[in-house]
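Notes follow once the structure below has been shown.
For reference, chains read A, B and C in written order, and residue numbers begin at 1 within each chain.
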């Protein structure tokens, strides 16, 4: 504890400690950590995280009878392509429509959510006002209370939002706000207030201060919020069913193969694969960005 | 208040949509009975996603559109079970229901508040052709609300005929004979006497629900007394269903993976002879036809045996119905009515059976089953000939507790005794009665 | 609250003041309160109004089609629910177990994945994969893997001569198995939040510590742990709230079973909702809200106090 405090005051006083930029040779201990821990972690990750995906892949490649046995074996005959086509063609290419709906929904809802949420999170952290406890209470309420479906439908009907994509977008924004605010608020704290003051002295108004100074610095956490919320919204199921009846979203397509009178497991798992792989690829693609975003935010902060 | 206002908004919207549709009206192509003119109408139809339902509805709507090209369908599927119930109720309550929809008959139908939400179809010509059993389960005191889709079905014991032949067993008429068969099968070795599939919890209820025919035979007033709050499951004869399930568990005659197996597994086991018996609804025909067509006629059916052979009665379920919400109006309503009438003609019945298979006899007196029905449907005929059938409880009483499937899983896994389970279920039922506003 | 220095002359009716300023009313705060408004409108219209009106329904017998006022009967009924006591115990076990494990594993993985370990990029991606799969997908996959007889987990244990339990079918195991899968699904998010927190710690601290000759353990304990506190507090809050009210995974995997043995309060409420007992289930929601608030609000205040102290 004491050590930390000393360091903290040092920085607060503006006396940067000596920077040692020399790259030190790895000691055997560091090597052990780098390679030993790394190997263990990689091995564990294969068992814990990759094998379940392999299972999904295997099951997606089986025929109906073999899939219903749930054995962790490669299919006796690979039917990936046939199953893929079967899922795609189900109910007049419903999966394709669903993908389009889900993508529009996700992109628009998450963008709005991030902007509105960071505005709230930022003021909530920076400004002590008597509204804060109330806002915090709402944030917690938003996280805790499950939405009341029927009254929400009534409200949406009276605003003529019911059954429209815009309506569902606003619903997703509303339900995701609490989480966004909570996450952003925690990370605004890491941005030194000195930066705000410098910008204000330079004559920045509150809008400019937020959108050109603070918002870029929040990149790290915003990327996190985007990833998490995009996944949540993309995977939304119940909300779509209640607030946008008749228009499929990707999760709804799973129900094509699930019913009380017999499940088509091979097609179900193929469908899971189809709707999981695009976000997966997107994530791998953005992974570098995510980490870069987090680091850059931190360096400037 | 609010609900009414919303309905009106909806009605206006529907009328608007109809107006918009006018300029698009398909010309000529006079499709047979022209009760609904030539304007193009798209009917939005909400159905559950059961495989049989989907294929039957698709066949019916396709045939109808062929005869009436100006009428097309937008079929929307919903999940089954509790989630599906919620969607149906939410849409009805908010006035956002599709033009027509498919839903269970019996107690679940009653819970929709038919008089407030649905269109009364008492004046329709087909009402006279409904069987009495079906008419009562889609009616209130004010009238009839639905047409059947599919056939009625039995809740009984599916059994593997080759296993019975190999061991020289006979179809049991009372519970003791049934258990003797089970012991014989167990002694013979590799076949599980009874398949249980608690991975899909709803499948665990058959011992209790399928025993109701026997209860009804012993005490014909039981259902009425039950609705009035006087008859309880903790007392005989109703307790017997729970006791039988406990008895079977204690005899150790279930498949070893009974706790995790799924409905599909159960059908597979009884079809291929991995298990000898599977207490189930006869709609298992659907899975049999699709996944095990070679074994279709290896599976027979008999009623869940009562303690006394004289009481053994086949418990029958009625099919789901098509209903029309009272938000459907004008030309759309006419089109819906015409379509419904079509589904219950002899031609409509034939289309249904061809597409989805038969689970039992029709609920229409003007329809007859083809000769090549699966073995287990043939097995039901003697019960009808001898008058030994009774409707399931959910068609005689509006009260069904929601927790029965969890309770029967517990009784069937030795977690809870039959008496405790029955008592717990009686409590559960009380909540349902309170919700319905019954004064117990 | 304590941080706001209240001038002795201030009246309680004055509009909100920025902290620490002695001036009665500053010209203009750089942090405008109207930033709350757009989000506030959405939240009020689409969440608060429906929620508050639904609380009224908790005092009614509500079948969607009719509403009858019955006072507190639903609350009485809810407390008579047979699975209730077990449900509360399960809720706490599930909530604390999942959030505890997510914090510990998330922190460890966060530290590991910000160090110079090999395969770091791969590990960062793979830990997050489960977050991308839908609950339904996760549920079915693990139901198959955890099958007591043909499931991959017990087959693998069998190679080592271990007779695995019925993960989801044995009443003693079901809840813990679901909790483990929930951790599997959620640890990627916790790790991501921790990575964001840890890379935010200026390198200078570590360099200074190294100059002082502090061991890796000491710098973890004295720098990483305290300075990633905002991350910890976020992970704790999110996963605890999530854990206490979560039922989606439980629903997808066991439906609260076998029997009622893995029921949590949220799944009891959901079952009542499905059964059409809307008033009763809304009453349950009010109770769950009070319980979660009673745990989370003090916790969040304590976490924030520690945050301020850092």
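Methods note: a residue touches a chain if its C-beta (ideal position, glycine included) is under 8 Å from a C-beta of that chain, and two chains touch if they have at least 3 such contacts.
Bear in mind that the values here come from a model prediction, so they are computed numbers and not experimental data.
**Q** If you tally the C-beta contacts, which comes out ahead, A-C or B-C?
**A** When the contacts at A-C and B-C are counted, A-C has more.
**Q** Which chain's C-alpha centroid is most distant from that of chain A?
**A** Between chain A and the rest, the longest centre separation is with B.
**Q** Need the CA-centroid distance for the pair chain B / chain C, whole Å please.
**A** 40
**Q** Nearest whole angstrom, what separates the Cα centre of chain A from the Cα centre of chain C?
**A** It comes to 15 Å between the two C-alpha centres.
**Q** Tell me, which residues of chain C touch at least two other chains?
**A** 64, 147, 150
**Q** Would you mind listing the residues of chain A that make contact with two or more other chains?
**A** Within chain A, residues 150, 154, 265 contact more than one other chain.
**Q** Which chain B residues reach two or more other chains?
**A** Within chain B, the residues that touch at least two other chains are 81, 83, 86, 90, 93.
**Q** Using the touch definition from the top, list the residues of chain B that touch chain A in their complex.
**A** For this pair, the touching residues of chain B are 2, 6, 9, 44, 48-53, 74, 76-81, 83, 86-87, 90-91, 93-96, 98, 202, 262-265, 267-268, 283-284, 286-287, 290-291.
**Q** Which residues, counting only chain B, touch chain C once they are in their complex?
**A** 3, 81-83, 85-86, 89-90, 92-93, 111-113, 116-117, 198-199, 201, 256-257, 259-260, 402-403, 406-407, 409-410, 413, 415-416, 424, 427, 431-432, 434-437
**Q** Inside the complex, what are the residues of chain C that reach chain B?
**A** Within the complex, chain C touches chain B at residues 61, 63-66, 68, 77, 80, 82, 143, 147-150, 166, 168-171, 255-261, 271-277, 280.
**Q** Using the touch definition up top, name the residues of chain C that touch chain A in the complex.
**A** 3-4, 16-19, 28-33, 35-36, 38-40, 42-43, 45-51, 53-54, 57, 64, 112, 115-137, 140-142, 144-145, 147, 150-152, 155, 184, 189, 192-193, 195-196, 199-202, 204-205, 207-212, 214, 218, 222-223, 226-227, 230-231, 233-234, 237-238, 241, 245, 266, 278, 282, 285, 288-289, 292-293, 296-297, 300, 307, 310
**Q** Given the complex with chain B, which residues does chain A contribute to the contact?
**A** The contact residues of chain A facing chain B are 64-65, 68, 91, 149-150, 153-154, 157, 162-163, 241-242, 245-246, 255-256, 258-263, 265.
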